[in-house]
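Okay, got some structures for you below.
Below are two complexes that have subunit A in common, paired first with subunit B and then with subunit C.
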Partner chain A sequence: MKKLLLYSAVCFMASVFLPSVGAEVKFLPLINADLMGGQSFYQGKTSSFGGHCTLDLVPALRLKDGVYLLPRYSGAYIGSSLTIEIEDEDYLYQQVMDHAFSLKFMGKNARGGVFKLSGGYMLEYLRETKNEKWSHGLYDYGSPYVEVELGKEFADKSLRLFSLGYRYYTMRFPNYESLASKLQLDLSGEDLMDTDNHKVFMSADIIIKREVFIRLGYDLLLSGYQDQKVALETGEYSNEMREDKTSVIKCNLGCDLPAKHLGSLSGGQTMNAYVDLELGLKIKRSGQNYFDADAVAFIAGYYDYNRFDVKPVLTYKFTPLGLAVSLGGRFSAKFYPNRPLQDKEGFFEEKKLRSKTYEANLAVTYDIGRGVSVSASGGYASVKSNTSYEKLYTYNYDSAYYIAGLSYEY
Partner chain B sequence: MINREDEMMKKLMITVVVGLLVFTAQSFASRDELKDELKELRREAREGIKAERSQANGARELRAEDSEGGRTVIDVRGNRVRVEKYLSRPADNQIRVVVLNTRPGLADRVDQVNWTGTFNQDLPLDLRGIGRGMWGSRGGPRPEYYITNVLRVATSGDNSLTVTRDGGWLYTFAKLGEREWCLVIFNNELLTINGIGKIERERINYDIDLNLPGMVKIYYPHRDDSVLTHALTRIGVTGQIIWLGTEDALALPTKHEWEREPNEHHLRDKLVFADGTWISRDRYLIDDEGHVLERDADDPGHWLPFWRGNREIIHGASEFDGETIDIVITPGPAEEVGY
Partner chain C sequence: MHRVIYTLVYSAFLLSSAPLFSSPLVSIGRPHAGSTVDAEVVVAGNVELSTIERLRLSVEPFLATAGRQSFSRSLLVKNRRFREKVTLAPGLNIIRISTLGGKHQAARVLYLISERDASRRSLQDWGSASPVVFSSLNDLKVNTRRIELTGEVSDPAVKALDVVLLDTFDFFCASANEEKNIAYHQVAVKKGRFKFALKLERGLNIILAKPSGISAGEEDVRVKSVIYEAVSGRVTLDEPFVREGALVVTGQVLDAGVGTVDISVDCLVEQELRPGKIVPKTIIKRRLEVADDGSFRLEAQFRMERYTIKSPPSITVGAGGAVATKTLVNWR
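Then we have the complex of A and B:
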């Protein structure tokens, strides 16, 4: 009887009050899904045709004016070795599955103050060989994070938004541990890849003359390795754990091309064009050294590097046809200030290692209607380095890819 | 009999569901009216995805570091192999190199080789350049630091192969001014399988001061009792080796198979002893995907330097009961160090 009374009270309140609250609370679901397929080409080898699917679900809630709750699920599956954003000379895996869950609270007040608080968890599963099962991949990882961001919006000024934030995340590779630790040899550490990370970031959005948008950003990332000891000159390891510091300075320039510079189209079609230029400078300094047990050579600061990126993209949109064409590129120059070159036999030289990446890509999207679009894209990348020694890692290579399929947006 | 409580519960549940539907119906806004708001929310969602991608790139960089260090390769049988190498200094005149292999796809099987080299004198703190002369010189100056003793132990599970080499000294076989061609030769060598002696070499009648290499007595397991027995004697170090005749025919191996693939970097040798036991060794030069490197068909004698690929050495023996010790060593620039 008591249970019945409790149920009655709850249901009465729900049925009376929720509809009135619902008048202010709005449910704004967002859905993005891609179903694609493609192939990649690496050094003359062709991958098998594979699938590429992504799903983003955001059942956003507007709690009141300017206050939102954004739960999100993102998932992706890549079924072939597809070349996607080669950023750190890493060229990929046979099968990749990503999942990310997050919840973000976002609020703005009347004076333009912005507050965001979010937390989430990312998972990645990788299968590199035929006998590797899902969740048994060597490089599978889980990464929980929490982030807070404060910002200020300025109406009618060039500086439109300034924000400052902090993100804390860990990365844990549950299937990876050093072989030495498996044999109870206390040498370099056990969970060599696990890190705790603190990231401070800031950005400023500037609008010039309505058509030109600039975003300036700075990130500082401090990574502490839980169990990776620093290598010493003698080839042994200290009790000190590795710590890395990475700074990134970014500048995004976006500009609508004026109509007078675009050609005219017939049949009631209009064309808009947008140019985006991304510039970035990344500086990484690592506390880890490298001891080459074969050459018996010690190199301090082996993992340090400086990298400069330029990424222009030109996009044309044709309305009401619903066609968009994007032509993009990327140039990246990477320099290792402490890593000496090696000749083809592997002996170290005086000069330091450098590499350059040249990329070009083309994407075409056609809007079928009701949120569905067909898209196709392809790209080519060439990486060149001044080293002749590639026995451990390929520093010079060419690769290409194509991918096509359907996208849905709601 | 109908349970009145259940009936009431059902009606109340229906009320709740209707209430929620009313709430939901009012909550769904017209998407056309909220275009700008949706645009901002999409941008916010994209920022979140971008931040996650940046986090994921950190993981990619860690994997790239692992690959750059030659720590993950594929072996000749298609298994992924994790390779780790460590160097330590057990004594002032010693270096120990440990190479560990594990194959995650084979229940994390671990194969390892533990190589300890003792030198003719205490080693400097900076070991750079030591590797080039530790086994001798090919027309350069006489090495200041060279190997005098080696202990190499390769294991996989309960199986082991041990090679001991003692009494190393520099034998000079040619000299031209300051340039010297010399080689480290050992006075005693022993190979054991699971602790059982299989091959022994003993140098006699040598003189280090007079640079005389002497003769080498070779021991193999005897047919009847498997005890290492003097089977052969040879003279000569490099160039022409001369066999001085058989000492005990019942200790001579019954078969020596030696094969070299014509187009690939694959050497196989197998020695069958008089007592019926045997040892074998397959040596490969492979790339990171486990493909055996090709040899120049027009120059069949040419063998690429070991540092041009990953070395894979597969040791077999009758005592291993069908198992092997399978070691992949990612290359380095030093002269052959024998591990």
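Then we have the complex of A and C:
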């Protein structure tokens, strides 16, 4: 299936653009690089000062008017440990390095029709301790993908852009193996994290009045676990593999506030302010259940949850100074409809588990010129849950970070 | 091996010095090309890649005079979207959004309607000192919608041209804030020569070309008028003319099965009851019987007591699904 998809993608791209390649081809590169350093704090632990480097190279090729081929390399190294949510459940505090290679074919016609076909491979390494070697992390994964997207831009309507796409990707965790399966105690499978995923996505950009912009988005993700059998009420495992369904509904609102001229303050500066608000709803329904052998309890849909996010950002930009200040926040509430609360000893209670995340961040960017900018940002996050039982997963933690350095964009 | 690598790198460098193209990596959602009565407009759009975090915005008046300066500033991109308020100068403005390296751009041309500047010269006087010289397309009328224009520039410092194509019928009618047919192209000049393709609209098209990136006055702008007339293998139109105040249209239907033709004459007019307001109008609309030999003939009076014709009338003949057009240049 994978080979067939990749082969089809390559053949299609070759048949479309190869006849056109000739004197018209232009090389139009894009570069984005960050060289930064920072520190993070997690549950009282302080990471050592570490480098944050990212590099995004797109040696774009213009094949003909409106037809582009975008080879791309994206790499990132985050040396100061970062809090990462794994599989929507477990929070890890670790260093990150990733590499992604992709190739995107993009065509746009004069009537606003857009066609995109892309494929690529992403590799992510996570390192939890200094002794651990890169590429030996338990949660390291590789993820190849193919994606097709169709869109239409509308010239003079409130609906400006509509797009619809499909993405197929797999996630393979080569080092992941549960301790139980190692001891041949866990009969659910060995490669428990490996998934094959089908994602359908759509988005619409809408402009109402002059200053209000809305982006609506919907994603539907179907994840099939390759080696994770479904737990049964008897405590045994069925022959069926776990299948999850995740829906994400997003609404981004953007609004311009009236500009202010700060003539007397700083020699003719204009201050523009923008408000962005992101609302999100994520609904995950898992085919996996949970059987607690100690409590002899069976919980169907243990991994199901609903999450609601609110993310406001206020940005001030001073022109012509080139200074931008962004103040943002996030509130997130996660409800598990089936997972009961556990007391400190792990005994199940009547109430269901829920958690809340509070986050605040501040970012300052100053444009030096010639594509170089200096920036500094910091943030604090607090995750609180109504449970204090954290044997399996971490539900309560505080974290913070700061990062500063240079960015270059070409 | 080193030579191969050097050649590749050098070729890449040469290619990278190519002029700007309209890139799908940067899209302007609004404003659309057209005209407006609001000097302050919101420029908004999106970028293809999330790593594009900053962009350069510039607003260049097509014609620069005192008090109409071009300006540029950086833009922030959030969630792959950008937006910024800008103030336009009266007349044509080129709004350009580009990546910081300048390799990817999108541009829109917007015409800010304002009171006519009395100091402006008439269109016939434009281009007296323009370094732009068109060397192709000597005919006023063409029968193909897509044309290629070639030419030279006399100033070796000119590396690119700003070219604006106005579909006059569409441009001068419709209301101020409607989408209009104003196309903008930035054209590369190589070794003093340039070549570009345009898609014409039916009727009179006006092409304005000036050196890119300079403050140009009317004398720097080369103007070319081209009339596009549609032809058909099933119906032909002779050159229309005016005789004693009447429009005479003759032609031939080549399809024996077609017994009638529909003729309409459209132009921009200033109505007597609403002076100063120019609107599109179908001034003649007739259905004619086709003679046995396939010929047809229309002779119709202009109703000049009701309106004043402000643009060359465009004559359209429809015959059984086939369409042919002609434009009457000397209608006065």
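Note that the second predicted complex is superposed on the first by the 354 of 410 C-alpha atoms of A that agree within 3 Å, B and C clash if a C-alpha of one lies under 4 Å from a C-alpha of the other, contacts with A are read in each partner's own complex, and residues count from 1 in each chain.
In the analysis below, a contact is a pair of C-beta atoms (placed from the backbone, for glycine too) under 8 Å apart; a residue touches a chain by one contact, two chains touch by 3 or more.
Just so we're clear, the structure is a prediction, and the values are computed from it rather than from any experiment.
Contacts of A:V58 after superposition on the shared chain: both subunit B and subunit C are touched. Of the two partner chains placed around the shared chain by superposition, subunit B and subunit C are both touched by A:L30. Shared-chain residue A:T319: touches subunit C; no touch with subunit B.
Set side by side, subunit B and subunit C differ in how many residues of subunit A they touch, and the one touching more is B.
Once chain A of one complex is fitted onto chain A of the other, the partner contacts of A:G254 are limited to subunit C, with no touch recorded for subunit B.
Contact with subunit C, but none with subunit B, is seen for A:R215 once the two complexes are overlaid on the shared chain.
Of the two partner chains placed by the overlay, neither subunit B nor subunit C lies in contact with A:L164. Applying the stated contact rule after C-alpha superposition, one finds that A:K108 touches subunit C and leaves subunit B untouched. Of the two partner chains, neither subunit B nor subunit C is touched by A:A376. When both complexes are overlaid on chain A, the residue A:M122 reaches subunit B alone and has no touch with subunit C. When the two complexes are superposed on chain A, the residues of subunit A that touch both subunit B and subunit C are 25-28, 30, 56, 58, 60, 62, 68, 70, 72, 74, 106. Of all the residues in subunit C, the ones that touch subunit A in their complex are 12, 15-16, 18, 21-25, 27, 29-30, 32, 42, 44, 46, 48-49, 51-54, 73-74, 76, 78-79, 81, 83-85, 99-101, 103-104, 178-179, 199. Listed in rising order, the residues of subunit B touching subunit A in the complex are 5, 8-9, 12-13, 15-16, 18-20, 22-29, 34, 37-38, 41-42, 44-45, 48-49, 51-52, 54-70, 72, 74, 78-80, 82, 84-89, 95, 97-98, 100-102, 104-106, 108, 110, 112, 125-131, 305, 307-310, 330-334, 337. On subunit A, the positions that touch subunit B within their shared complex are 1, 4, 7-8, 10-12, 14-16, 18-19, 21-23, 25-28, 30, 56, 58, 60, 62, 68, 70, 72, 74, 87-90, 98, 100, 102, 104, 106, 118, 120, 122, 124, 128-132, 136, 138-139, 141, 143, 145, 147, 167, 169, 171, 175, 178-180, 182-183, 185, 187-188, 193, 195, 197, 219, 221, 223, 233-236, 290-298, 303, 342, 345-348, 389, 391-393.
Looking at the complex, you find that subunit A touches subunit C at residues 25-32, 56, 58, 60, 62, 65-66, 68, 70, 72, 74, 106-108, 110, 114, 153, 155-156, 160-161, 205, 207, 210-211, 213, 215, 252, 254, 256, 259, 272, 274, 276, 278, 313, 315, 317, 319-320, 322, 324, 365, 367, 371, 373, 407, 409-410.
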